[in-house]
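In the two complexes that follow, chain A is the common piece, with chain B as its partner first and chain C second.
Then we have the complex of A and B:
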């Protein structure tokens, strides 16, 4: 590209630079700088309270990849993300379909169903911990009363109960997001598509499968992408529910970052986990988007 | 009644405060100053006592505002690490265990507390009360604000009588027998923690010593490859059947509540049990007592976990002279006694002048449970912790990091919850301890 020789063109070029500069600066400040800092810190062995340390090159990464904890935490992260996301989408679509029908108190139901999403995670976890409590929790009482259990179940301190519990609470907490998105899309699907399908002999399941689901595809693509990112980096819900235990059975990568940074006071190793986590997420997102693009092309 | 306390206050603090003032607190500095006070001890009654201490300090120091910020026994390592890393440190931190103070001191993060100890009056402390804080000769990393006996065994005498047991168990076998006899009708034997947290680590350390062992040798070599360590693991595992199912998630709060609510026949805690029973379950108030926790056999002496609740000041705390003055103010008799009375027997006084005061003695709970409080005081006085496992041990300045890493709690979970072979658990634990000790 030739440099602009015309003064007017040069002025326009400068104007363009000036207009785009704030965005570039903000992008550098909030994205590039933290990213580069994290990668830089991950090359050091740093004692968190003093932030003093020495350069160790890639040894933080080598230790990470050679040790079992990172892979265990990665597997936990994937199990948690896939399971809770699947439940969120299934529950979200089901609830949205229900709320799309002409049911009584529909407006009230639409408002109430958003409640879990808006309630603070800390409050939600406190309530759920009480429900799961072995001595006073209503869940155990009801199950014993119904004859399903003889002894209270340890919901949060043994496997696989702990993972099942956090997946269920995660699904309960975040499925309203799917409801909002899907319900909005459902309201824009033309009725004549359903009429045509009915004339062609499609039943309720056929109409859902051949009309509703394809229409929801675009919105579900975005919903799954966003929720997968958010679930992958979920910290507070899991930390407050189980703390990553028993042992490290529910420890996901964000919890490992926290443990390394503030439990082990190893900020360098913590940032190495965080950087690795970012790359894992990037790979999965690229694969997902590529697959979605290929499906759309078909 | 308060005559002695006022005398002590005026004399000791007057001198101390004058000294600190001479060290550089100018009126201008006190014009618009905020001090931040952190503590993990935050029960409502304690907060009331703190508010009194804050008010009296603010009245004596116009223009100074003290803000109390709560931390927690499980959360303070992360919060302190973040505070030190960011430079946004509190002015004064109280009630952290002594081994945490030792770790911070070792990394050059704390201000020596010599001035504060002088302001309080060295002669007012029990003999040797500050010895464990003298990690560097002549300099005190912190100072004690209390003593505690964290692993007292709490007992329900009514349940013991009903089970035909007339004496507190002395050995692990006797304890198991008691739990077996009392565990029925929705009541469990004990509320021991099996979680990956500091309480599990601390209780397990007690069991290792109760088996006649130690975590480190006196010169701080890892000593977990021992019969005592294995026996402690075995005992911990054998107690699982007497603990509620959710004990795999228990920390101090849940364990305390288990006993206070009447859900367990025995408990393991400090004297906070007394105040909580009085307030929350007075029905059992006449049926509780405490004893030192049993050991593997009567020939192995009791080992009490005293975390030596501390006062420390971060080196980079702003308004250092004021912070020291406030730290000294916390020991003023009227406020200090309120603090101690907020949970009688939970935090025991480190100042002999306070212990002797009628104002301290005349508390209803202390009088009702005189024998228990005396027992806890005696046990705490002989107590140790991971930072100082015995009188022959060197101070372990890595103890705070070891507890925060949950290595020992993980050993319990590996053996009890995951059923891993004991040899593997011992080997993994030894390796991780050595790694932490190497830094």
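Then we have the complex of A and C:
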């Protein structure tokens, strides 16, 4: 850009700065400041109720990486994210394909399918906990009635049932997001492509693999990116379902942050976990985006 | 592995209450190049799509090579189609696009590659085989679409306005290539177009359609020289044929400005006279008209005239110096006049008696 020499240009430039200033200030206040202060706090040993403590350098991190709980929680987070995300995408595409067909009550079905996404997590989890309840839950009742089980099963208090349960509820809660995105894309795929494939001899599966899926690739890239971030940092659903239990069997990193900060009153260690979590996410995102870029270039 | 004849027998297609095609009877010979020509909404594309198997006839039968294909899946009809939008698979390379139908037939990779090479050489696509469709120009995409159709050596080629997205120069070029391709392959071509120039230049026979009905099915020359009815007469030819409504007393066609004696058996009173613009001869003759508009096009001049309420268009030599408002004498070429029944709109086999009109 040329330097603004005449008064009119200078006034325009000034106006530009004024217009973006509010966004920049808000961005600094809610993103930059917490990030910097989290990194800062993670270098201290801090007692949460008083927020007093002394500088300990990197020893919070050393303790974290040496202990087993962090690694266990990280593994849990990865298992939870990969499993629930896979289910969300598969279910989401299947539901979107179904809703794309001319079925009866299509518009009604389209709005109903969004219901799990819009219902409050607390409400949804309370209902699911009742369904999963080992003594009164309808799930055990139905499975015993159908002859699949002899005795009631402890769905949320034993492993691997607890992990399976949260993965399923997570998939149920968040697959509508995939449906919305995929359905919107499906409607823009030209019919001609399907017709050409039909004449070229492709059956229903062939058309799905060779026309639909390649066309969905771009939107799935974005959906997986967003959902992976959101699932990775999911707190309320898991906390309310199992509280991370039994013991720490379903404890993911966000739950560990919470436990360190408000259960163990160790704000320094908690922020260290949070910062570590951010780095893990960052590494995965960079790898993912690089892979996506390579695919696009091919 | 040869050409096949295509037959539509009493084919009807309705979408709800809207009838797209009514009672279509059409017999296309093996190896013939037939154009389905008509204005939009005439049912030509629907007919082609029924032949491809993308639409199902409401009633009637369609056969390819003597076999009724109503219940045969599109992929098993041994037809290939070129779409107006080309419909290339965007994520596949040119080579993969062309190989796709073979892959779906279960052909082995090595054989597939040999076939793709053969087609690419034929359509001059060798240098583009590794490109994606979006990296190609419109004309190149058109070739790839043709290649994908050619590679299977189908019995029948279906082409749905394949040239309408190309610019004028490329279109003329591709017309010539399609004619050549048809000659080389000897397969049956069914070509849908609204462009009469394409239909006239490429076809062995033209099926002119209007409102879901077949109006005439004849070679281009005959469609032009002996239109079967008023619709075909006014649809074919640019500028279109002049139609002058008048009365016939058994011997002479009468209009306030024009009278022509005809020899015709059993003609009604209300008739229409058809004259092509090139058969209106300006400068001398028994009739008078006022010049309204003069349009020089370079190699000729189109003159619009008015004669006692009848609008006439004439082709004049480029060097004619007519001015709007001028009154010119004109004659009609007696051996090239057409007479139609104004009620049924059908052609009357009439012959103008020369001496009076010239």
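We adopt the following convention: the second predicted complex is superposed on the first by the 275 of 298 C-alpha atoms of A that agree within 3 Å, B and C clash if a C-alpha of one lies under 4 Å from a C-alpha of the other, contacts with A are read in each partner's own complex, and residues count from 1 in each chain.
Throughout what follows, a residue touches a chain if its C-beta (ideal position, glycine included) is under 8 Å from a C-beta of that chain, and two chains touch if they have at least 3 such contacts.
Predicted model only: the values in this text are computed from it and were never measured.
After superposition on chain A, the partners chain B and chain C are accommodated together without colliding. Of the two partner chains placed by the overlay, only chain C lies in contact with A:198; chain B stays clear of it. In the superposition on chain A, the chain among chain B and chain C reaching more residues of chain A is B. Shared-chain residue A:51: touches chain B; no touch with chain C.
By the touch criterion defined above, A:267 lies against chain B but remains apart from chain C after alignment on the C-alpha atoms of chain A. When the two structures are aligned on the shared chain, A:206 is found in touch with chain C, with no touch to chain B. Contacts of A:214 after superposition: chain C is touched, whereas chain B is not reached. For the superposed model, the angle subtended at the Cα centre of chain A by chain B and chain C works out to 150 degrees in steps of 10.
With chain A fitted onto itself, chain B and chain C come no nearer than 51 Å, counting C-alpha atoms only.
Once the two complexes are overlaid on chain A, none of the chain A residues touched by chain B in the first is touched by chain C in the second. Of all residues in chain C, those touching chain A in their complex are 52-54, 73-76, 79-81, 83, 85, 87, 89-92, 100-101, 104-105, 148. Contact residues of chain B toward chain A in the complex are 77-78, 80-82, 84-85, 104, 107-109, 194-197, 244-249, 258, 261, 263, 401, 404-406, 410, 413-414, 417-418.
Against chain B, in their complex, chain A makes its touches with residues 47-51, 132-135, 151-158, 242-247, 258, 261-265, 267.
Against chain C, in their complex, chain A makes its touches with residues 190, 192-193, 195-203, 206, 210-211, 214-215, 217.
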